[in-house]
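Labels run A, B, C and D following the written order; every chain starts at residue 1.
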Amino acid sequence: MDFAHSPKVQGLVDQLEAFIDREILPRARPWREAALEGQYPEFIAEVQNKAKDEGLWNLAIPNLPSDAPGERLTNAEFAPLAEMMGRFMGAPKAFNCHAPDVPNMIMMADAVTSSQRQLWLDPLLNGDVQSAFAMTEPSVASSDATNIQTTIKQDGNDFIVSGRKWYISGAKAASFHLVMGVSDDDAAPDRRHSVIIVPANSPGVRFVRPTPFLGFSEPGAPAWEIAFEDVRVPAENLLGESGDGFILGQTRLGPARVHHCMRAIGHCETLIELMQMRASERTAFGKNISEYDSIQHMIARSRIEIEQARLLTWSCAWMLDQEGFKSARQHVSMIKVAVAHAYQSIADRAMQIFGAMGGSDDTPIRDAFSWARALRIFDGPDEVHLRQIYRLEPKPSKPLAASPQILKPSA
Amino acid sequence: MDFAHSPKVQGLVDQLEAFIDREILPRARPWREAALEGQYPEFIAEVQNKAKDEGLWNLAIPNLPSDAPGERLTNAEFAPLAEMMGRFMGAPKAFNCHAPDVPNMIMMADAVTSSQRQLWLDPLLNGDVQSAFAMTEPSVASSDATNIQTTIKQDGNDFIVSGRKWYISGAKAASFHLVMGVSDDDAAPDRRHSVIIVPANSPGVRFVRPTPFLGFSEPGAPAWEIAFEDVRVPAENLLGESGDGFILGQTRLGPARVHHCMRAIGHCETLIELMQMRASERTAFGKNISEYDSIQHMIARSRIEIEQARLLTWSCAWMLDQEGFKSARQHVSMIKVAVAHAYQSIADRAMQIFGAMGGSDDTPIRDAFSWARALRIFDGPDEVHLRQIYRLEPKPSKPLAASPQILKPSA
Amino acid sequence: MDFAHSPKVQGLVDQLEAFIDREILPRARPWREAALEGQYPEFIAEVQNKAKDEGLWNLAIPNLPSDAPGERLTNAEFAPLAEMMGRFMGAPKAFNCHAPDVPNMIMMADAVTSSQRQLWLDPLLNGDVQSAFAMTEPSVASSDATNIQTTIKQDGNDFIVSGRKWYISGAKAASFHLVMGVSDDDAAPDRRHSVIIVPANSPGVRFVRPTPFLGFSEPGAPAWEIAFEDVRVPAENLLGESGDGFILGQTRLGPARVHHCMRAIGHCETLIELMQMRASERTAFGKNISEYDSIQHMIARSRIEIEQARLLTWSCAWMLDQEGFKSARQHVSMIKVAVAHAYQSIADRAMQIFGAMGGSDDTPIRDAFSWARALRIFDGPDEVHLRQIYRLEPKPSKPLAASPQILKPSA
Amino acid sequence: MDFAHSPKVQGLVDQLEAFIDREILPRARPWREAALEGQYPEFIAEVQNKAKDEGLWNLAIPNLPSDAPGERLTNAEFAPLAEMMGRFMGAPKAFNCHAPDVPNMIMMADAVTSSQRQLWLDPLLNGDVQSAFAMTEPSVASSDATNIQTTIKQDGNDFIVSGRKWYISGAKAASFHLVMGVSDDDAAPDRRHSVIIVPANSPGVRFVRPTPFLGFSEPGAPAWEIAFEDVRVPAENLLGESGDGFILGQTRLGPARVHHCMRAIGHCETLIELMQMRASERTAFGKNISEYDSIQHMIARSRIEIEQARLLTWSCAWMLDQEGFKSARQHVSMIKVAVAHAYQSIADRAMQIFGAMGGSDDTPIRDAFSWARALRIFDGPDEVHLRQIYRLEPKPSKPLAASPQILKPSA
């Protein structure tokens, strides 16, 4: 048991912190203003190039192709870096460590053909384009993936993709979409679905409307609803084999959830910092607000929740590295529930300390509050993960009366 | 003790329900679409005229001038009507029962000169114009009203109003603003402030930007930040006497809070109805969602919270009628805290049951979630009201050891 | 809508308060010390006689036989009196208004034969004896009453009662037990059970052990586990008809739950009083504890919860009076959940303010904490009542898409 | 970062598990029955000898004298062992790893004179006697240690100890008490107190009464209230120097809190196991209780809380080892709050699933529920630790407006 970073990770943490302090935070305001417009700032490419030059690139892809630019860090090694990036929403993009591209790259890395790699994956790895993952559908409970209704039907050398998806993060900026749909109605339930690469400019890809959550979309990656209206895609765009949809989805969803949690924890640190600043400046009824112990308790409880959320996330990342997704499934579900709840509580407290300002666009509290709420739903609602945690919990093999903990009641 | 409505109130409830079913709900969609644009729908005047014709007008003003159009209902009589209007955000406008105009009319009714009445109050009572109340300031904790910094300085026959206000509900649509500011620095703390009528088109009234809360503004009454830059207003625009600011504010804030609570409870009923509809239609893991008892508990707990919130609000309204604001202060603070919390919890549950759709603009859940959160801050944050509740709680007159409830410990 | 007491009730409230102040509280310490020994104090009969003389007797039995001593109050009239008695655990006994005798008397009043009345009910009405109700069984989830396994088998002119019951309040002091058991396995599920009067001294009634909950039993009525070992009881001891068990149980459980809630609310008032006393006397880190706003919030939140719990309970009592148990079922379940939760929260806060002393026997906080926890289980656990609340909630008749609250999403 | 045990620790874990399975659990019932009587079972010495023979002895004393029997483990190494012992309340005694003796031994190890070691410490290290720590006083808020009023006055070659202490764990079984009191009123606040060894049989040590918390005392170590009535103790019984009281107290309180947390987490594992057993056996309304998802959620949430509590506790233990108590103070306060809350929540859920049985003495749930509640008060109430966490949180050095996270609002 060891809670310290290795020298390598500590070195990266220090380097990253210096980079963020030097290159990102001084430009935080225009960055956030661009985000409010659904954009990345114009200078993003410049920052990305600096990061690439420093080797702070593609840090989050354990299965990074050996000839691709970037570090091949483990999940546990990436954890403190992701958290640091998460302190400023938008920062991960500078390091090509942002959603949804990272989970997409992880999913693609082991599945692409060499032609797919060249056409679709390499530009992503270089940060030249963005991608999207189209899974959730408006008309069914998509958290039970067997409900998915979009179809991917073979038609000669093509597939025809038909269906409606929404809450597709980064949809508008993506050059292609990874679409999950039913390719074989008659297969076993876990072999019915496939993932196919749909170029964004394909005829029949209709952008219906933006779908922000509580008015919020992730910086630079606004979510949209898209109608795939009989979109014709060449057969070579299928990712993996027909029927691989669920397996591919799983390789993607694990990291997606873990990274969201890591970044959320970093954002919670920002919230604590802001709460402290605000409390130390406001006065009510003759006292500085920070002298009220109810305010002190809000900060202290947030600290406890952050530490617990971080350790659980680290241990999950470590377990993913050691034993793979299957063994870590209960932990992934645990952090999904726990981190989103901590994040929501902390954002709620920060909002209360900031008063009306906390609901305005002037601070990231409003973003945190919306995003935390979304995270209790996105990538599976609380209820689905609690169910999963329960099912993965070992069941007792003997009856209650046989437990040595139970006193035999009087005859 | 009697929990039934009087025949008069029951008659109004029935009439109002029929009116809403006939005139408002069939047009709910364009109404809400207009609200998303910060507007009332074009047909609002037509609906208002019908309501006025039916006598469903100005129902919420206990001190309604005897020669003004409308019913002079007590707070308790208005309660079930307000709740019914609250089921659809925007409906109160149809009956001239909406914020912030109603609290403004109540504040003005007993304070206006005959000239003020003619110029400013009567058009409000007729529903011809809208008004706003400018109190909260960005740079101080306005919940402690002694912090307010805007100044109202006499200059010959005029006053000069200077300061910055934000979160002014309905600011953009208002023909005049009731501005709270410091008129006499040297007076006793509770006589330092005045309220003055500032016409919206006065030179120096600068509309800075909209200030939605979590991206949300009340339908038809978007909030704004306004800079009052040395705005010159004739002395006859002062409401009441110089120094009356706090007293006037109190006559306004009591009803403002109570009405918000009443409407919120109505909105909670809508949320329960929507949760039931949604749960009965979605399927996950082989079962209709409504069969999961965790979902059933969410609805049941919401029902408990609504009933408790309603009864507390009714009893507060009744106490306001019987004994006036001073006696009801603890109750006003109690409903302010309790209803906002119930509303937030219920909106949170509804959002969870709706999944991503709950965060979209397609349902009022997103409005409820934002507005409930705002209500924990607007008109005084939880902390200020909890403090007030504590201070109004009778203090024990004898030491603990004298309580008959305490066993004398062994010598 | 009216929240004031009638003059009659106000008169009784004043009279009761004076009686308690004069006759009970000065003797509270020996009373509580006796309770810790599982007894009523020796002077209880003397206090009861005074109460009877004053007409403060049998206040809680709406179906009180017209020739029996006592007032025939409605549930709503009794509510504030029950609450006042509840401020001191044990006080209800002085007025023959205590559990489990009152629900037993209510159940018996409409069901007894004249011989049963003379033998069993009249002594109860006079306060000469105590009774018990034996329903819960150790080996099944008794909250689903169909699970009950004790049998009541006819054998000539007798019935043979066989089974194991526990958590029988007041078992040791009772002169007879009202036992619920299966009398006809083949009947419809709601006609399988009967209630029979079992004299406590019948051969085969074996007292197994006391069953306090968290070490606590109600004052003077310690709960026990009893084995009914083929207990022979004359056929005339059957209450009502064979198969009436569930109906009888329901006439009993409604009032039992409502009265528990009323008393619990009174006890919460005691807890608030004690918290205030304690907070005003203790000092930590240079400040009186009552100056910490986290402590103030604990008291304020308790006040909010009490007021809400009281109003819900009053409205439930009123509904029982107006429309009977069937119509009030949802409300009975709501108070069962809401009051127990408020009681537990308030007791938890009081314990925190009292520190270690709160866990000792020196204050009633320890009793409140245990009893509140028990009330989340006794007479049906939270889960059963939440299920009931959900099932009694009206279900929507139209699909979600037809709701005027829902925006039709883009085509 | 590494979450695996070292081979040494894993070996001890395996050995300990086997020992508990073989020597302790088969005798769990008589053990617990003895505990209900305030005793250890008669066979405890036999089990202790076996543990000593196996080297499973004094595992929790990092500063164990090199010539004393036992392992010198770090806090982090001890953590998983403590947790395993905690699964059965009472088990720690078998390994001389129980409270309050372990914290007492840690406090004494670096402070005793050689004579004190021989007389008082060695018998403890051998498990021949028990000790107690007398700190909390009934008449002041002892969580602010400066409030302590017991006096330790020099009188020639003796000290006179005078004062009243309560909630002294293990008081009745102890052969000596470590008493904290004021030795020098005029010293600096943190040098006013001393700790002195008071033999239990000294004249003037009056055992007033047992002080269980919610009717519960730790197995074999019932707490008592003691009056120290001018107890004369030889000067050589002073621990350390006069004025060392607070320093000594701190060396003791850190481990005391950490060990309580470790054991509590183990007990939570027992609660999960019991919940699973019970849920799988009970049926209500036609379904096995374990099929209700509300029950599944209770177990899943408990799992999340346990994992988070464990990791926080491990990281705290690791930090204690790496950097000492001063650096770990915030973490100690965090686990003190977090673990007690998780424990209380989990015990509450277990009680709900067990129904009335959960409040009985038949299961350890009742012990857990009481003990968890006590832990929110003992060794410092939540409020004191939240205050501490807040105070140890770094304060921001720049004003809010200078934060890059804040958008400069429009001029």
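Quick note on the criterion: contacts are C-beta pairs under 8 Å (C-beta built on N, C-alpha and C of every residue); 3 or more make two chains touch, one makes a residue touch a chain.
In this text the structure is predicted, and so the values were computed from the model without any measurement.
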Contact-richer chain pair [A-C vs A-B]: A-B
Same vs different contact residues, chain B with chain C, by half of numbers used: same
Centroid distance [mean C-alpha coordinates] between chain B and chain A, Å: 38
Averaged-CA centre spacing for the pair chain C and chain B, given as whole angstrom: 40
Whole-Å gap between the CA centroids of chain A and chain C: 51
Chain D residues counted as touching two or more neighbouring chains: 138, 292-294, 297, 383, 387, 409
Footprint of chain A on chain C - complex, ascending: 138, 208-209, 225, 292-294, 297, 409-410
Residue ranges of chain C in contact with chain B within the complex: 1-6, 9, 25-26, 28-29, 32-33, 76, 79, 88, 270, 272-274, 276-278, 280-281, 293, 296-297, 299-301, 303-304, 307-309, 311-312, 314-315, 318-319, 322, 330-331, 334, 337-338, 361-364, 383, 385-387, 389-390, 393, 395-396, 398-400, 403-409
Chain B residues within the chain A interface of the complex: 136, 138, 140-141, 143-144, 147, 166-167, 211-216, 282-285, 289, 292, 294, 348, 351-352, 355-360, 366, 369-370, 373-374, 376-378, 381-384, 387
